[in-house]
Structure formats: structure tokens, C-alpha cells
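In the part that follows, the structures are each spelled out as C-alpha cells.
The two complexes that follow have subunit A in common; it is paired with subunit B in the first and with subunit C in the second.
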Partner chain A sequence: MGLKTVEEISADSAFSFTPGKSKLGNKYDWLIFMGPAMLLVGVFFIAPVIIVFIISFTDMSSLTGFSNWSWIGFDNWIKIFTHPQSSQHVGVTVIYVFFTLVFFNVGLALVLSILTTHIPKAAGFAFRALWLIPRITPVVVYIMMWRYLMADSPYGIFNEIFFRPLGLDTSEMVSAHPYIAIILVNGFIGASFGMIIFTSAIESISKDMMNASLVDGANIMQRIRHIIIPQIKWPLMFVTTFQTLSLITSFEQIMILTDGAYGTEVWSLWAYHKGLNNYFGQFQWGFAMALAGILVIISIVFCIAYLKFFKFSDMIQEPKIETL
Partner chain B sequence: MRVNLEKITKSFKKVEVLEEINLDIKDGEFVAFLGPSGCGKTTTLLIVAGIYKATSGLIKFDDTVVNKLVPKDRNIGMVFQSYALYSHMNVYQNLTFALMLQKKSKAEMDKAAKITSEMMGIGHLLDRKVGMLSGGQQQRVALGRALIKKPGLLLFDEPLSNLDARLRIHMRSEIKKIQHDLGTTAIYVTHDQIEAMSMADRIAVMNKGVMQAYDTPSNIHDKPKTLFVATFVGNPPMNVMDVTLQKENGKMLMKLAEGLSIEVPLSRTPKVIPKKVKMGIRPQDLEIGKTGGLPFKVYTIEPTGRDDVIICENNGSMFTGLATPGHNIKEGENVKVSFDMEKVQFFDAVTEKSILWN
Partner chain C sequence: MIAVSKIRTFPWGKVVPFTILLIFSIPLILGIYWIIISTFSVSTRGLIPIDSAGNPGGLTLANWSFLKDPEVWRLTWNTFVLATTLTFGVLLVSSMAGYALSRINFKGRKTFLGSTMVLQAFPATTLLIATYFVLRFISGVPLLSVFGYDTLGGVILVSIATQLPLGIWLMKGFFDAIPWDLERAALIDGCSRWRTFRQILLPQIRPGIAALSVFSFIIGWSSFLIPYSFMTNQDTAVISTYINRLMQDTAPVNYSTVAAVGLFQLIPVIFFFIFTQKYLLAIFAGGMKGGS
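Showing the complex of A and B:
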């Protein structure tokens, strides 16, 4: 038996990199590696979105059942734009998402992460661990706690401990300040996600760079503004985008706290009520899907806008080439 | 700017990392802190910079105690091993960051950036993001950023360690030239003895938080105060062996082995002789030949171009010598090693201090 040439050996190998020479070494190789993941993404992420849009063009509801529905074109979509409650739901959703995002999920998260990275390590760790407790508490328990915090005198803790001793008027705070209530309740949970991401990002800024900025004459505030925030731009973008999208579609805390009363019916809660929890027993699946479809469109618009706003393409650096 | 460190100590929790460091640096002097990693040289530098606080002791700049001053009020410029450039800024913004914080006008910043960048040979790169620069270019930006403030004291924390060998030699002379031209006092931390020897006016050799010696490069090399200094400085390192010193008939004799004694010249005769003595001799000060001296077997020969490094062995102890290429020594051969007795060093084997220079 003679020795094989290099070409013969590589042609034998299943992982040959010579295109077209072996069974697997061709331009469709990537399908084998990407295929399973693409299938999962397709079935669980893409297909539901398509189904949402398909059903939104039907009159499917508990009246028609799954068999007697018919195509009604854009009727559900037109209904959204002509619905008398639409503008109110848009308003509360915008307020809820904007203020929770800016003041808590990004704002408070940033403040917490900066504070806890500027105090001794153990204290910072303990403080951050405390902020994670609401995340591991069942949401019903967490909301019950807030209800008692904000209940009217003589039960409510805020009213009994702060307002009454100071001679201020007491009230049932959830109904008196419903927007503040839903923002606080969501924000105190939501901040911990960004806090964890930002903390690890701040801790990974090189010690030398932090020291260099001090030597260059920055005080703590200037260092935060000129070094820390620009250095964590990528996680800032990620958290802002991710939290915008999850806030737009989140409703469980609001549902348990107010169930949409006092004008707190955000868009996703409205979709849930119409599609899965209809007071009149008519589950309006078609209409609910159109409501959900709006959320999908808005989410995609936000994604693109954020990528543009944070100059995503600038964050990808060109390779370094070693020259004198 | 003059710098004085008086009895500086530093402990992290209960671990003492610096033991009473005393140091005086003259105006315009270039001082190197030399030592192996973990010896406390960077800690000392960061204390001078004001990033760490000294546990005790005084730091004085021109007779002013600066212990309580934050880094920005110390009038210092610093260059880091990792360059520590602000990766989200371009070269211009990196250079002028300190001036921007001082609220200098755009015109002043432009002028300073132009002068500094041209001095550093990076004038054409001002618009580039620092991530797009090569290692050498980044190092120049880092140096420019330290110089642009016209600091009274320049601090270098192993600034050349991340560069390739050729560039390192080039930047070495460049840094020295700039420091000399500007007349700025400088402290330069390094673990590379060649850097320290070639750049510094004086070298502070440190080990395990203790300053072993503080002297000119030639004194550090020729008159090492401790065994550590003797073996750490010099390449290849100094050979060390146990010997006994005896006075006989008014002559000092160094006994190497049974029946082998060499007379110690007057210039190398210690005043007091401890019980146990270690003799040190640099590779260039011993001769490897066929006759006369201590018997060794050649273990290996390492050609370096200019010299061949001859490593010999005798009963498990290794000795390093140098020979000019073209010698006829072969591996495995039995040789005799003799010493230039005018160049030997003697140390107390217990305290490891020199008995010649203390």
C-alpha cells in the first residue's frame, strides 16, 4: 500500500476545508450546524408571530369557535384605531413604560450599580443581594406586600408610619395614585436586572483606566460621566432595549395589583383581557391578536431605533494591526 | 520636583506589603524601582500617585506633605503597563482629557495636543480611535497623555512590558531622552533589570516589601549590598557558593574545597568575618580553562552570539561562565574554573548582607 498524498488525505477527511472535494465540504455546511437552532427559533419565535398576524385578520372568538371563523380583513385593526379606549390605553402604556424604564429599570439600576461598586466589596455584594429578593419572591406575595404597604389607615404601613404621624391626609394609595403604584411596583423588581448587568460591566473596566482618570484630574462624578458611562455603553443599550421590550409586554404585576382598574389597563393587559379573560364570556381572539400585533410592530421599531441611537455599528472595532 | 518618602508602610488588611520605605529623589532625577513581581514596587508607585493611601509614613513633594492630596492635586503624569487609554475616545480626546477637565479653551487644547502629539510622533493619528492603533502607537499616546499636563513628576508602571522586544529597546531610549530633555523627575517601575540599569540615574531594588538597595546602576552592579541585589541584578546571574574565610600568616584565605584555598586580595578583605560566608562571582569574572581552579563538568553551552554561556556542574551546584565564541570547550568535558579575586563578593550566609559594602 502506497502512501497517500496530502490531497487524498484531506479528501478522505469529513472535515476537509477544500470546497467541493468531499461530501460535507460544501457551501451548505452551515445548515448542519445552524439547522437545529434555526428550527427551534422558527417554531417557537417566528411561527407564533406569524400566527398572531394571521388570526388578527379573522373574527375568531369564543362565539365562532375554532371552526366557524371567517376572514374579515383589516376590521380588527380598524377597530383598534377607532376604539374609544385606545388612546387611554396608549397613554397609560407610554407613561408606565417610560417612567419605569427611565427612573427604575435603567436609572435606578445605574445608580445602584455605581453606588455598590464604590463601597467596600462585601457591603456592595450584600446590598445587591437584597435587591434581588423581590425577583425570587412569588409575584402574588410581592404584590400583597405592596398592597399592605399602600393600604389605607389603619392597615397601610406608609399611612400609619409616615403620613398619619406627620398629620398628613391618609388614603388608599393604589387607587389615589394608581400610576405611581404600578411604576413603583414594577420598578423595584425591574431595577435589579440592570443593576446586575451594569455592576459586572463597571467591575470589568480596567483598574488602570479608572486610576488613569483620577491622575488626569477627574473627580468621582466626572469619572462616572466621562469614563464609566461611556465604557458601559453596550450593556446600557442592551438593558434599555431588553427592558423596553419586556415592559411593553408585561402586565402580571399590574393585573394582580389593580387588574386594570383606576385607568391602569396597559396595552398588553388589554390584549390579555380581550383574548383570554373576557368579562362577557366572549374571548375575542381575533381582536386580541391585532392588539398583540401592534406590540410586535412597536417592539421591532424600538429595536431598530435603539440600534441607530446607540450607534451600534460604531461599537464594533476594526482589527488591530501591529506596526511601528 | 523633589520627592521624599519617609518611613512609608502599607498593609492590606493584616498583610504588610511595604516595610518602612525611605527614599529621596532629586529634582529631575530618573529613579527606577526594580524587583520581582509582588515586591511592592507598584504599590509604592500608587502611593506616590495618591491612588493608595500609605498606612503610615510621610510623602513629601518639594517639602510639602502630600499624603492627603488626591491624585489630581499632586501634579503628576502616569503611564500604565496596559496603557489604560480611554478606549471610547480618539487620540485627541485621550491626550486632552486632563485639559478638558481643567476647563481649558479649545484653542489651548488644540495647541497642546499638536505640540505633544508631534513630539511623540503621533500627530497624524489624532482622529483615530485608540483601539485602531498598534501597541507602540498606543504607548506613545499614553506617554503623551501623561506629558501634556506638564507634570512635576512622571510615574511609569512597567510601561514597556507589553511591547515586542525591538520596540521596547526603541521606546526605552525615547522615554529616557524625553525625560532628560524636559527635566521632569521620574519614577519608573520595572522588573526588567536592563531597563532599570540603562535608563535610571538611581535604582531602588525591592524584594518582599523591603528596599534592598538604593544606588546608582554601577554601584548596584559592582557593590551589591545584599545577596538578593547581587543575584537579581546582572545577566546571566551571579554565581554563589558557600566558602570559608580564614586568616593565615596575616593573609586572608578563601577555602573552596578540601585542599583548595585562594588568597583574597586586600581590596576584597572583609573587616569582620561571620561564621558562614557565601561567595559571589559574576559569570564574566571567572575563567574556564583546563588547569588551575575548581573542577567542574560542562553541563550545557548556550550560544548568544556575542558570548557563549557555559553552564558547569559540580555535585549538583551550577556555575555559569562566559566564553568568547571559538573556544574549544565541549559539553560533558571536565574543566577547571578560576576566579578573578578582585571581583568577588562576600555575604553573611545568615543575614544575606554584604560584608564588603555595608
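Showing the complex of A and C:
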């Protein structure tokens, strides 16, 4: 990025200036600015995507090591369909994604954003801040909090405060109701994303329209049904698709909470266990890459859908480049 | 006037939404309250602190004795190094790329901008196993091995990369909001791109830089999955992996001690959060607003 002399720059820019087509600075300046980002994206996004698919066609594992492996074609991909555990992992993933999405990441998010915009501004802001805490809390600390909330009597908070006084079952809740546990834990983090986006969408609905609905005597349910929901249709769809994808591929919280025990090993955690981290230290990289490859394909499909349906391409047309 | 009186008699009032919000928030409120209480208690039953005999009471500072443990401070230092280098890395790389995408017309600009946007939605966790191979490969390259597998350097690089799509997108947005005139004058007067960027544009987006810094620092300080996956060495572990180890211990877990370490990790985050929540909200929403 050597400094240029005044003459060079003048030659580049000022004196060769033609409206609408000026070239300011050096022709390859962009490479200096883009270089580091392109390198990192190449090494840690593009290369891994290629590696996933390449290794999925090998029998590489901790037995073959990095040198004694061989190509086995589509065997790993076929194995996914014949593996006795596949359907169980698909099942838990579908249940987990569906219920977290419907009840929390979209449902509760919508409830929170509607309620916090219908109480005094400061209180609404305070509640939204409270709901952001799960998202910013270090994930291990957050899971620790839930473990204790759901612990057995006489320790667990839910059991001690709500269930024991009612004479209900007070055993440890994570192992007793593992699906509810993973859905709750992830849902309380996920709700804030939709909440923020819905809130700004609701706040941008014109006040006239909101007031008109009051004057016309609409009750809150009618107002939600006929004013708010239609007005935030796009954010709703965006949050739904975005959160679907991130739920399908997320496993961090589940890993810390149960590590896949009690039938909670979702697809992405299964792949992670097979390929990177398990109790026995036996890795089947080839198979794990095929499992991850399914997720990569799903992700790519979703990303293409974003580009198409959310008009992302329109958003990248307008920046201030040097057409004067 | 009619409208005003209608609003005053609005049947749902403020009480009902408030109550519903409180009910939904109960787990959060109880959980946070418990973390604070238990760090000062021998043990807890529900939310009630108890002493070793099982009677209510038993407030103590013993759980904080980990602060005298040099290992914890080494982990804290590692975490701090991870968080600060991540912050600097993300700021440097994404401000440079954001500048180019906002201001320079080059071939492939649109493609890169599009992929930056799409990569925000692309879940990097699907690539963790493959990233392991990348780091393994880097380990084998002479001179680059400090960024390889099982090093803090490698973890930092991977973390920077995963934050880049959001960082670049935000930075580009900040640059887009700055009028072009000042900079054009400088460029025509013969100032280089690099100097224009550093001396004219960067000072203008200070609030944006501050927001992204706080955000990146919190991400780095809290991160678990990447250090956990790529640093098996105890010497370079971070607080998150340490807490996880305490929690997964096969012996009965002393939650009060773990909670104290957890609160120790949480305090800086909450501190930043309280003072910068407006900016953070903007980042959480801003990066993802596309298409709404």
C-alpha cells in the first residue's frame, strides 16, 4: 500500500476526470482493502464447504488417519439412508425445530413485541432488555442457570417454588422431559431475535392506522389480526425462515445441556459427535462430512431462497460508488 | 378528542400486557436472581440460601475463593486476549472491506456484497468439522502454525471469520451513510485511498466502530463452541470451557461455586450491556433487517 506521489494520483484522478466515469485512486486499491476479508472468507467459509463434500466421498476416519484413506463414492451418503439411527435423529430434529419455532422464536417473539409496544415506552424497553439477556449471556452460564432451574427437589427452583407445593412430580426435569427442556432453553434465547425485528416493524406502522382502529372500536385481538399481522407480513416470513435454518443447524445449547442424552441428539449434534467430539475418541470423518453435507445443502437452499424471495439483490444495488 | 377518550377507556389497559409479560419472564427473573444469591451461599434450596446443616442462612464469600486461584486468572487472560484480538481483527478487516464495498467500483463487488449478505444467514456451525481439517492443514505450514489447531491464534482466526459477514455488512452501512463530498475532495487533492480511509472516513463512523467493538468483545468473551472444538489444551482454555468442565464433572456439582465463576464471566457482559444496549439493539436488528 505504498504512498503515491502527487503526480501519479493526479494522473489517476483529477486530470483524467470525466463525469460519470471517474477513476479515483489506484486501479488495484480495492484489492488491498478487500484482501484480508477475501482471504478469511476463502479459508474459513469456501474451503470448508469444498472439504465437506470431498471428504464425504472418502472412508476417512480415526482408523485410517489422514493418509491411509480411500475413495468410496457415495457410500457415506447411502449410509445415511440406511443407518438405523437416522430416523430417530430426523425425528428429534423436526420436533425440536418445529416447537421451538412455533412457540418461541416466532410465537413468543410476536407476543413479546406486541405487548412491549402496548405498555409505556420505558417499561417496554426494560422488558425487551430483559429478554436480550439470554442472548448476550455466555452460553455456559445460561445453561447452568437452566440446569438449576430444572434441577430436582430440594434444589431445583421450578420444583421448589411451583411443583412441590402443588404435590406434583419433583424429579430432575431435564432427564424427565428432555424435549421440553431443549425447546425451553433454546426458545428463551431465540425469542429475542424475532422480538427485536417485530418491534421495529410494529413501531413503524403508522400511528394514524393504529388510532383509526381504536376509533373504529376494534379490540386488541381484531387489531392484531387485521392491522399488525398484515403490516408485518414480511418480517414474519423473514424471521420464520431465518430461524428455521439456524435451529436446524444449531446444537451448542443442547450439547452443553444434555450432550445428546435422553434422545436429544439432533442431526447437527450427531454430525459433530461423529466427526469432532465424542466420548470414545473414535471419529468417522467421511460419514460425519456426509451428515454435515446435508446441513450445508439445506443451508445453501435457504440462502438462495433469501436472495430470491426477500429481494436481497435489490438491496445491494444502490451504494455510493464513484459514479459522480 | 373522541380518540383520546377512547384510548383512556381502552379495556385492556396497561395492566394485562404487563402481567402477561411478567409471567413469561418468570424463568429469566428467577434464574438471574438465583445466580446472584447462590454465589454468596453455601448452598441453595430453590431460591433460599441454606448453610451446611440445611437451615436457612449460610451466607458466605467462600464461593469467590476461586479468585485466588492463579489458573482462573490465566484463563481470564486467555479469554481477554481472545475477545480483544477478535474485536481488533473484526474491526480492521470488516472496516476495510466495508469501505471498498461502499466506495470503490471493482469487478466482483456485487458478488462479494451478495455473498456477505447471504453468509450472515449461513450457519458456520455446519462447517466446524471441515474447519478442523483447515486448522490441521495450517498447523503443518511452517510459520503459520501459531494459527493452527489447538492454538489460541487459530481460534481467534476462525472466530474473526465467523463474525465477518455481519461486520462487513454493518461497516458498509455506516460508510454509506457518510456524504461522499469530503472524501472526494481529498482524493482529488491527491490523498491516497488508504489515508482517506484512515484519516477522513474512520473518524466519521466512530459510533459505529464503538458499537461493533462492544458487540465483538461480548461475542469473544462469551464464546464457547469454537474454543471448545479447537483448543483441547488446558493451558490455552478460556473461562467458558472451564465452566463447562466444572459442570460436566462426574462428582456432584457444587452449583454455588460454578455460579460464582459464571457470574464472574457475566459481569463484564452485563456492564457493557447496560451502557450500550441501544447500540447493541441496533446491531442485533440492523444486520438482519434485510428484506423487511
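Simple rule for what comes next: the second predicted complex is superposed on the first by the 244 of 324 C-alpha atoms of A that agree within 3 Å, B and C clash if a C-alpha of one lies under 4 Å from a C-alpha of the other, contacts with A are read in each partner's own complex, and residues count from 1 in each chain.
Simple rule for what comes next: a contact is a pair of C-beta atoms (placed from the backbone, for glycine too) under 8 Å apart; a residue touches a chain by one contact, two chains touch by 3 or more.
Please read all numbers here as calculations on a predicted model, not as lab measurements.
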Which partner reaches more residues of subunit A (counting touched residues only), subunit B or subunit C:
C
Would you sort A:L307 into first (subunit B), second (subunit C), both or neither based on which partner it touches?
second
Just to be sure I read the superposition right, which of the two partners does A:N211 touch: subunit B = first, subunit C = second, or both, or neither?
both
According to the stated criteria, A:A37 is in contact with first (subunit B), second (subunit C), both, or neither; which is it?
second
Which of subunit B and subunit C A:S171 touches, first, second, both or neither:
neither
Once chain A of both complexes is superposed, is A:T64 in touch with subunit B (first), subunit C (second), both, or neither?
neither
Give one of first, second, both or neither to describe whether A:E252 is in contact with subunit B, with subunit C, with both, or with none.
second
So, does A:N219 touch the first partner subunit B, the second partner subunit C, both, or neither?
both
Is A:S86 contacted by the first partner subunit B, the second partner subunit C, both or neither?
neither
Can you give me the overlap between the subunit B contact set and the subunit C contact set on subunit A?
211, 214-215, 217, 219, 320-324
What residues on subunit A touch subunit B, complex-wise?
206, 208-209, 211-219, 222, 226-227, 230-231, 233, 317-318, 320-324
Would you mind writing out the residues of subunit C in touch with subunit A in their complex?
2-3, 6-7, 10-12, 14, 17-18, 20-21, 24-25, 27-32, 34-35, 38, 43-48, 92-94, 96-97, 99-106, 109-110, 112-115, 117-119, 121-134, 136, 157-158, 160-162, 164, 168, 172, 175-176, 180, 184, 187-195, 197, 218, 221-222, 224-225, 228-229, 239-240, 243-244, 247-248, 255, 258-259, 262-263, 265-266, 269-270, 273, 277, 280-281, 284-285, 288-292
Quick check: in the complex, which residue numbers of subunit B touch subunit A?
46, 49-51, 70-72, 76-78, 80-89, 97-98, 101-102, 129, 131-137, 145, 149, 155, 157, 164, 167, 170
